[in-house]
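The following pair of complexes shares a single chain, chain A, combined with chain B in the former and chain C in the latter.
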Partner chain A sequence: MLGNGVVGISRRVLGALVIGFALSGTALAQQPLKIGFGMSLTGPLAGNGKAALISMQIWAEDVNAKGGLLGRKVELVYYDDQTNPATVPSLYSKLLDVDKVDLVVSGYGTAVIAPAMPLMMQRNMAFMGLFGLNVNSKFKYDRYFQIMPAGPDPAVDWTRGYFEAAMALNPKPGTVALVGADAEYPHLALEGARVHVKRLGLKVVYDKTYPPNTVDYSPIVRAIQATNPDLVYLASYPPDSAGMVRAANEVGLKTRMFGGGLVGPQFAALKTQLGPLLNGVINYEAYAPDINRKFPFLDQFLAKYQGRAVKEGVDPLGFYLPPYAYAMMQVLEQAIKATGGLDQAKLADYMHAYEFDTYVGKVRFARNGEWSVPRMLTVQYHGIGGNDLEQWTKPGHVTVLYPNEYKTGAVKAPYHENKK
Partner chain B sequence: MEISTALLLNAIIAGLLLGGFYAAMSVGISISFGMLDVVNIAHPAFIILGSYIAYIVNDRFGFDPIVVSVVVSPLFFLLGMVLYRIYYVCFERRGQESLRGLAFFFGILFITEVALVLIFGVDYRMVSTRYGDVTWRAGAVDFPMRLAVPFLVSMTMVIGVQVFLTRTFFGRAVLAVAQDQLALRLMGVDPVRVKELAFALSIATAGVAGAFLIVIQPVQPAIGREFIGLVFAVCVLGGMGSILGTLLGAFVLGLAESFTSTFFGPSWAPAVSFGLLLATLAFRPSGLLGR
Partner chain C sequence: MSNKVFAFVALAVALALAAVTQLIPNEYFFTAAYTVLLFVILATAWNILGGYTGYVNFGSAAFFAIGAYTTVFFYNAFKAPLAVGIVAGTLVAGLAGLGLGYLTLRLRGVFFAIASLALAVVLYVFVVNWDYVGGARGAYVLQPREIPFGMPRYIHLIYSVQLLMAAFALVVARAIEKSTMGRGLAAIRDDELAAECSGVPTLRLKIFSTMVSCALMGMAGTTFPYYLSYIEPSSAFSLSYAVNSIAMPLIGGMMSWMGPLIGAVLLGTVQQVVQVTVSSAWNLLIVGVLLVLFVTLAPNGIMGWVDAWRRRKGR
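The block that comes next holds the complex of A and B.
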């Protein structure tokens, strides 16, 4: 009797447990798959951050419309990092410990990716970065990946196009001025530029940084002009990009090439605000309408993004950061589907081993998590006639100088004679 | 680096033009903080508000941003009156103005920023003016109109404020408030009313300075925070409550920044500027023209 009773109870308990597990399994399946990140929604880089956020939200909507990931709806959990690196560690701690997110990705830019790295390494998280330059050079973290097409040696590859174009000038340049903001990205870009300067045997006649909140840049440009450099390489963030370009025009900077690493002119806001002042400036871009045929994958993204961006009041072009923000999420999506779970080690291993098909084309990562082949374009702006946005959507205003497979022309020098 | 005459002259001109702009941003703080003892940490937020009003009118109707700022300055004046009245009723009258008043202005700063983000978004905004990209050259010396026009209007405004405060009955009443409120009350003048109008004047100058800012550089809602230290530094360097001192302090910091950027390296500019401030306070604690 006792034995039967025990068996009877055991059967009931077992039945309850089975039902309980089934219910909890259903409940787990109904729990959203949380992806956490910080994003610059206020502060100097907020315009870029908000455009990236919209792309990521479009991705989440697309995935959820197809039934989600691993049978779970995707939920983005994000906070405003205020473009302030100091907020980043606590923000990611909250995401992991309080919000219990399943995955994390980075916010926009080098300055907010680097402070998240120690925590990511401590927790062994696979970590996708959104446009951070050479962040992993010091950390050497094997679960870090970067969606920006800077190449396996980011700082050096980042500035290669500018110096390759410069060395194609006849006669070859002999002197260079290096200038940038006192911030993470400009410092790393200038480090890369110094490698090329040394390799090419150029003489550095000016090598200085400035505070990011400088109001008047004309004394800096005059000091550069006083050294009479053949080349001026500038690494800057949006407000100082505008300030330096305007100061170069006001002072009448005479040099053969000016620009290189300006963040800002990739977005509609500075393109339209600076307009003709950008003529002759060398810069980097992720896309140019002149080589549209080589970017067939981008149209699908722009069709989803541009209408939404206009409504939300952010970068209506979407040529630069937004498609890469979407592609970053596509990489994660494909890795999760392929590994069938959220095991961080398996995700990282898969991302190292396989190629991904995204809205920015085929993406394959090098051992350090950077793109295995660089694809950032070095361009020269020209023929910009006014401040309207329309002209930037058509070919004829952006000459691609590098890489050679995308090249549409040679650099027009000197800078001061290309102001039309 | 070889120091040429042209480089030297341009550094002086650039420093003076920059100083003129700094004076416009700081004159309001000199009134509110220096004279009225109101720690209006939200002053830069009103500067940014002025920038956005100038931007929206310029963008929609093409009017010159500085003209717009002068036209709408009475609205800023009214805003200042309302703000001071709230501050007075909630904090000053209760003797809680020190810490809670500071928190109040911090709150105003953040609310203004968030409101601007919600209305205008987070992108950088610039205005288009006929003189924005024009540089007038006198020999080897450049006068970029982007800085020269705000400089001229700023000088008019700052000297106008100085004349108003020293030559009119009301202006003297403001100076009296700064010195002895009780004596003023005994003479039949309401110090609260005087402070209200003086604070309103300080906010009106912030609105005009905002137009200067957006003529000079692109603006986004949170950019005002970068100027909090600067405006208080100019005010303290010049001497608390001295408008001419504020003007002098602004020129000193503008010239220091320009010379450091030109001859030594721009990254040293903040250290040199604030080093000058510390040195001045060490040898003359009341500031350059403070009493």
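The block that comes next holds the complex of A and C.
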């Protein structure tokens, strides 16, 4: 009897244990897959950071609507990095050690990507970067990937389009003025520009930077005009992009090409604010409505993003940063599905080896984690009639000059003739 | 308590807190603690000139950046280890403080404050245009792979170093406060003219306190490039260092070495918690609200309020 009783109890205990394990297994499967990041929700880059966050939230909703990843719902865990690099190490260590996230991605921009790198390297994490310029040049981390289509040599590839377009002018230009803000991105862009200037044998007649908080840009434009350059290459952040474009219009800058590396006109705010003042300006863009047939994948994203962006008060166009923020998450999603887990080494190996199909097109990474082939467009704005946003969504105002496979026209030079 | 005994106690506490690195696996604790300790040093350093002497220095961020960029310079030039950066950064910031003292300490009150702010702007422009230390693009300082003293992670090392530096700053601040020099500085704070008439060598004392204060601020910045691995001028010269290094002693109390410590631990911890719970945007707002509250309700800070309470109780 005793034996039967013990066996009976053992069976009940065993049964309870089996059910317990099964339940705990289900609970584990139902635990969300956490993806952590810091994002600039306040500070100078907050507008762009919020737009990127919305894209990532849309991605998470899309994935969860399809049943999640690895059978788990996706949960985004994020903090505001205030666009301040000093906050980054503590935020990412909190994400990894306290919040126990499964994966991390970066915030927006070089300044907040770089401080996260040492921790990622210590933990051997696969790390996707959002619009960092040449971050891996010093770290040389083989699990770092970056979604901006700047190419494997970002400093040089970034400025190539402007100078290729310039050398197509007839007669060829001989002199160039290089100008930009005293900040991280403009300095890198100007460095790349100098490489091309040297390669092409152009004579530099002006090469200066200005403080980013400059108020009156007219003296700078006048000083440039005094050197009478064929080309003016400008690398600037949004406030000084607006200041320099206004000053070029006020002073009546006469040159054959003006612009090249202005951050800001990619977003609706500056497009509508400057309107016709942008006529003739050369710049870089990630997308132009004139070549929408070559970007069929983007329509799917914009259909999801634009309505929501208007409601949330962020960039309503979503041509530049937002689709890449979504694509960054798509890369991770596809790598996780293909490797069937969260093994960081396998994820990184997969991301190096395969091409990804995303809302910004096919993405393949070079050894340093940058896009293997650059795809930033060099464009010229023209025929802009007012300050409404609608015209920017239609073809006819943004001519693509470079790369050649996307080219829709040649430079209309000189710059000042575009004002007529 | 004599200075020697206090130094031993401070060292023992610092070593005990450093030993925590072996017990807590959570790195977040150490990154948050690093930031709080950074503010302990900055607030203590600021208080030597601002609290003891009564000269408001708005240029804390500049001296912090001098320390940080000296580390970057030695890293770029010689791949020098952290210890070299700490010593060099402290000395260079001290020398810069000596220069500031010579040039500006004949100015009083608001004029000195404006001069210190101007120095921060001048140094910012200088660093932005000095490409060797990264200029406007910023500089990378890679954390070494080999971590000394058997520390599991690099953050444990710089947290421990920061602890020792904070202890050192407190020992220096207390030693100055309790010395004849401290009484001289207090005399300057209360009435500089009367102090001068009483034979206090005011200019010499002011220059000395500026030099020590600036050297300690520089020391706070020396580990910063290793903490971030990437440093650029806008983060090194951030307004938050200047604001916090003034706000923390004001809240803790400016008359003694303990005030900045209490203010920095309290405000620094609140900021760290708020950043990951409520919102980062609230950080400076919290500093502002606390400042207004303390200036109106407890103008001598927490320590002043405690002293007043003790006096009332003793009656």
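In the analysis below, the second predicted complex is superposed on the first by the 395 of 420 C-alpha atoms of A that agree within 3 Å, B and C clash if a C-alpha of one lies under 4 Å from a C-alpha of the other, contacts with A are read in each partner's own complex, and residues count from 1 in each chain.
In this text, a contact is a pair of C-beta atoms (placed from the backbone, for glycine too) under 8 Å apart; a residue touches a chain by one contact, two chains touch by 3 or more.
These figures come from a predicted structure and were not determined experimentally.
Asker: Mind checking the superposed model to see whether chain B and chain C fit together on chain A or clash?
Answerer: Once both complexes are aligned on chain A, chain B and chain C clash.
Asker: Based on the superposed arrangement, let me know which partner A:122 touches: chain B (first), chain C (second), both, or neither?
Answerer: After superposition on chain A, A:122 lies in contact with chain C alone.
Asker: Check the residue A:209 against both partner chains and state whether it touches chain B (first), chain C (second), both, or neither.
Answerer: both
Asker: Could you tell me if A:91 is touching chain B, chain C, both of them or neither one (first, second, both, neither)?
Answerer: Only chain C; A:91 stays clear of chain B.
Asker: Going by the contact rule set out at the top, does A:273 touch chain B (first), chain C (second), both, or neither?
Answerer: first
Asker: Check the residue A:114 against both partner chains and state whether it touches chain B (first), chain C (second), both, or neither.
Answerer: second
Asker: Mind working out whether A:187 is in touch with chain B, chain C, both or neither, as first, second, both or neither?
Answerer: A:187 contacts chain C only, not chain B.
Asker: By the touch definition at the top of the document, which applies to A:41: first (chain B), second (chain C), both, or neither?
Answerer: Both partners, chain B and chain C.
Asker: After the superposition on A, what does A:222 contact: first (chain B), second (chain C), both or neither?
Answerer: In the superposed model, A:222 contacts chain B only, not chain C.
Asker: Enumerate the residues of chain A that count as touching chain B in its complex and touching chain C in the other.
Answerer: Chain A residues touching both partners: 41-42, 82, 182, 209, 211.
Asker: Which positions of chain A touch chain B when the two form their complex?
Answerer: 41-44, 46-47, 49-50, 82, 182, 208-211, 213-216, 218-220, 222-223, 226-227, 238-239, 242-243, 246, 249-252, 264, 267, 269-270, 273, 277, 312-315, 387
Asker: Touching chain C in the complex: which residues of chain A?
Answerer: Interface residues on chain A, with respect to chain C: 41-42, 79-82, 84-91, 93-94, 96-98, 110-111, 114-115, 117-119, 122, 138-139, 181-184, 186-188, 209, 211.
Asker: Help me check something: in the complex, which residues belonging to chain C touch chain A?
Answerer: Listed in rising order, the residues are 25-28, 30-32, 34-35, 125, 128-129, 135-138, 140, 142-143, 153-155, 224, 227-232, 234-235, 238, 240, 272, 275-276, 279-281, 283.
Asker: For the complex, which residues does chain B have touching chain A?
Answerer: 1-2, 4, 7, 10-11, 14-15, 17-18, 21, 113, 117, 120-126, 128, 133, 135, 142, 144, 146-147, 216-218, 220-223, 226-227, 257-259, 261-263, 265-267, 269-270
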